[in-house]
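There are two complexes below, and they share subunit A, which is joined by subunit B in the first and by subunit C in the second.
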Partner chain A sequence: METTETTEDLGRRVRDLIGRMSPLGERTAESHHDVMNDLGYDSVAIVELALVLETEFELQPIDDEQAFDVVTVGDVEQLVRRLSGAGA
Partner chain B sequence: MRLDTSRTAVPGAKAAVPAGTGGWLGALARLFTIPAEYREEIVSREGALEMLRCGDGVLDALIAAGLPCGGPAGAELFDRYDLFNLSLASGSGASVPERSIEFALRWMNGEPDSWFQPLEWRFSVELECPRPEGCGDDPVWRLAMPRPEEFGGEVLMLETSPDDAERGPDWITARGSTGLGVRGRLRTRGRPGTLRSPVIRRIVEDFMAAGRRWARMPEALQCEDERVLAHGVAPCISASLHLERLFRAAGFESVTRRGWILGMLDLAHAWVEVVDEDGVRKPIDPIFVLLSGYARSPHPRFAETCRGSRLNRLLPTGLPAGSLLAYHGCGGDEHVPTRRTVIRRAAGAPTS
Partner chain C sequence: MSTTTIDTTTSEITDAADAGDASLPALPTSRELYGRWEKQQWAVADVKVDRDAPVWQEMRPFIRQELLAALAELEVGEVCVVQTLSSLVDHAPSEDDRIYLATQLADEGRHVRFFQDYLSDAAGIDLEDAADGKALEAAASYGNLFEPTLRRSTARVREPGEGGTTAWYQALVQYHLITEGVLAATALRTMRTLARRAKLPALTEGLTNVTRDETRHVTYGLIAARHGVTAGHRDTIAETYLAGTRLAARVMVAPETRAVTPVLRIALRSRAAQLTGQWDMARDRMLRQLAVIGLPELRAEAARTWQSGCDQAMDEYRERWDTEHPVRRAAAA
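Entry: the complex of A and B
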């Protein structure tokens, strides 16, 4: 249960961050949202998001292959969980 | 861009000498400012602070020290290339250009094999008219045709909107007010190579030994290569044109080429190719060597690889270095179209 709660908390923090950084202005980000089409991120904004995620969650550097795989907010949550060792 | 307010001073507060000012002032002292005839002072003070992330106090110190700008005090307007080049030279580690370039070049940190393996990419490009009053009469649109086959790759699929856009060897051309959209899938490949001719090697080494630094600037200014290089800066078009001339003067067949660096960011690029004494046409990319200085830990073999190898991150066109990659004409004028580009690695890549 403790792992599940930690994972959920991590996902919530990631969603909050993505919502606050949306190029369309601060808004609620849901796991099913498409980062580019629903939240207005372009390539530059995704790079910026990746850099902030690294700092905020103390991650190993995210390479662009991992960033390419990001389509939805849920994909970002999974990436952060994987890189932070919090499990899938 | 929006979160890091801790690095931004309270508006109006003017510290005597804000921390970190020295690095910025040193960068300003070395800055090649964009000449008057090429300047576009359209970036607001707020935009500059978002890009530089230096805080109001440092920006005021830069203005006082001579950073060129227009507009009244407190509402200054800046040239975007000046701001970009200043940021990159600042060493702050916080500015948007420094962080974006560092991210975009992380592939340079990888093992050499990763620069040559086949990679599949999906891409889409949409061109729109930049005129605020709307597109004028007789609109025409051109986007450079991607030619991955020049480096051993291939176009796997290409679609245009409108469907009837003309596809030539160098350009995709459309007419009409709806703009031009191009999407497709392609495969790039690299191939390791080594320069054999001592003459070619010496020309490249002499160029690198001059200690120039990379800078961004308008393409038309880059084409004045001798003027630009004399100021100690080396954008890709200037470097390519200069080296092409030196190779030809030394008796080697040489051409420049325009293309893109494939990755999260849409980076236009140019390089020079020379036919070595073994008869093989080899790319030479001294700018990649300069750029690798902004990657956090480039592989030690990367610099040598840029002298004669084809890299899978480069997407060639058939155009020479001075060409635009996208063009729009309407109302009797020529414009650089606004462009929205999305590049993704295709599922299942890399392939073998």
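Entry: the complex of A and C
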């Protein structure tokens, strides 16, 4: 039960951050949103987002990360869960 | 002889080097470049740099850092060229060349004013402050890696009995073709994309003006170098160009600066693509210029020199920082 809450909480924080940093201006990001097409992220914004996520969630690289195809906000949530160890 | 005419009135640096495969496209004369200079005047004051200040105050740290680093490179380069051009003016091969080069000296002074005003009145940077502006300038890759070479070769032009015309052509290649035609042209293009993206109207306008001026400068370099190639200075120009190419590759890789290296692979790949996009742009310009000045046979060697310059700089990066450069790391991932 507690793990579920932590996971949900982490997802919400990731969504807030992605929404706040959208190149289209601050907006609500939902898990099903496409990061590039719905929220206007370009390659510069992706790099910026990654650097902020790294600091905020103390992300560590993992070996099978390239298996993840990051398209939606939900994909980023899942990736952060994996790399921060919260959902492992 | 090709009949291609080169439009140097546009805002991108679309000089003769962009004419691509047309061999030896027509170039204007230095007298014609003077005429363009009269028609293409602009004033730093009219750009009103402080209208960008509100955007800078709201800017997030990453974009701010990216923009400041790019601005510092350009500012340091402009300060260096304004201080070194006069020896080329004094020893110009003809009166038309001298008069044209005098206009360029005025342009470079204007560019320094623009970048310094912009850094202080829009970005809020005090260039005299050691913790702020001085540190920014000290980090500029061009200043650390290329500036000493340009200063040496332009100083040599003045030394009596030190090679005369040969020294002049060496300095011209390093100044107009490598510093302006390869490095500044690439930096300006990258910077303009960032400025538009960050919605900075004064920076966008100022950079458009600077780019128009630089287009004339690079065109002059192409005219003078092409003349030099046919007037007995082919080997000097070829040798200096290759040495400049190696150094320019090193400036682009910037091994002395710790590069942004995201942990997330999707971002690491994005970052690497941004960097290699800039390196490729610089290399392509470097190769196209060779065709325009009449040295197309040098392109294969120049391409190898560029590649080995990049490789060597990335080795240097690994030794210095004890980690791979993001471009290599992304390639390995």
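Criterion: the second predicted complex is superposed on the first by the 79 of 88 C-alpha atoms of A that agree within 3 Å, B and C clash if a C-alpha of one lies under 4 Å from a C-alpha of the other, contacts with A are read in each partner's own complex, and residues count from 1 in each chain.
We adopt the following convention: a residue touches a chain if its C-beta (ideal position, glycine included) is under 8 Å from a C-beta of that chain, and two chains touch if they have at least 3 such contacts.
None of the values given here were measured: they were computed from a predicted structure.
Student: For A:S43, decide between first (touching subunit B), second (touching subunit C), both and neither.
Tutor: The answer is both, since A:S43 touches subunit B and subunit C.
Student: Touch check for A:T28: first (subunit B), second (subunit C), both, or neither?
Tutor: After superposing on A, A:T28 lies clear of both subunit B and subunit C.
Student: Looking at A:L53, would you say it contacts subunit B, subunit C, both, or neither? Reply first, second, both or neither.
Tutor: second
Student: Between subunit B (first) and subunit C (second), which, if any, makes contact with A:L79: first, second, both or neither?
Tutor: Once the two structures are laid over each other on A, A:L79 reaches subunit C alone.
Student: May I ask you to decide whether A:P61 touches subunit B, subunit C, both, or neither, giving the answer as first, second, both or neither?
Tutor: It touches subunit B and subunit C both.
Student: So which bits of subunit A does subunit B touch that subunit C touches too?
Tutor: Residues 21, 42-44, 46-48, 50-52, 61, 65, 68 of subunit A touch both subunit B and subunit C.
Student: Can you name the residues of subunit C that touch subunit A in the complex?
Tutor: Going through subunit C, the ones touching subunit A are 60, 62-63, 66, 194, 197, 260, 262-268, 270-271, 273-274, 333.
Student: Any idea which subunit B residues touch subunit A in the complex?
Tutor: Subunit B reaches subunit A through residues 1-4, 96, 99-100, 103-104, 106-107, 263-266, 296, 340-345.
Student: Show me the residue ranges of subunit A that touch subunit B in the complex, using the header's touch definition.
Tutor: 17, 20-21, 36, 42-48, 50-52, 61, 63-65, 67-69
Student: Within the complex, which stretch of subunit A touches subunit C?
Tutor: 21, 23, 42-44, 46-54, 59-61, 65-66, 68, 70, 79, 83
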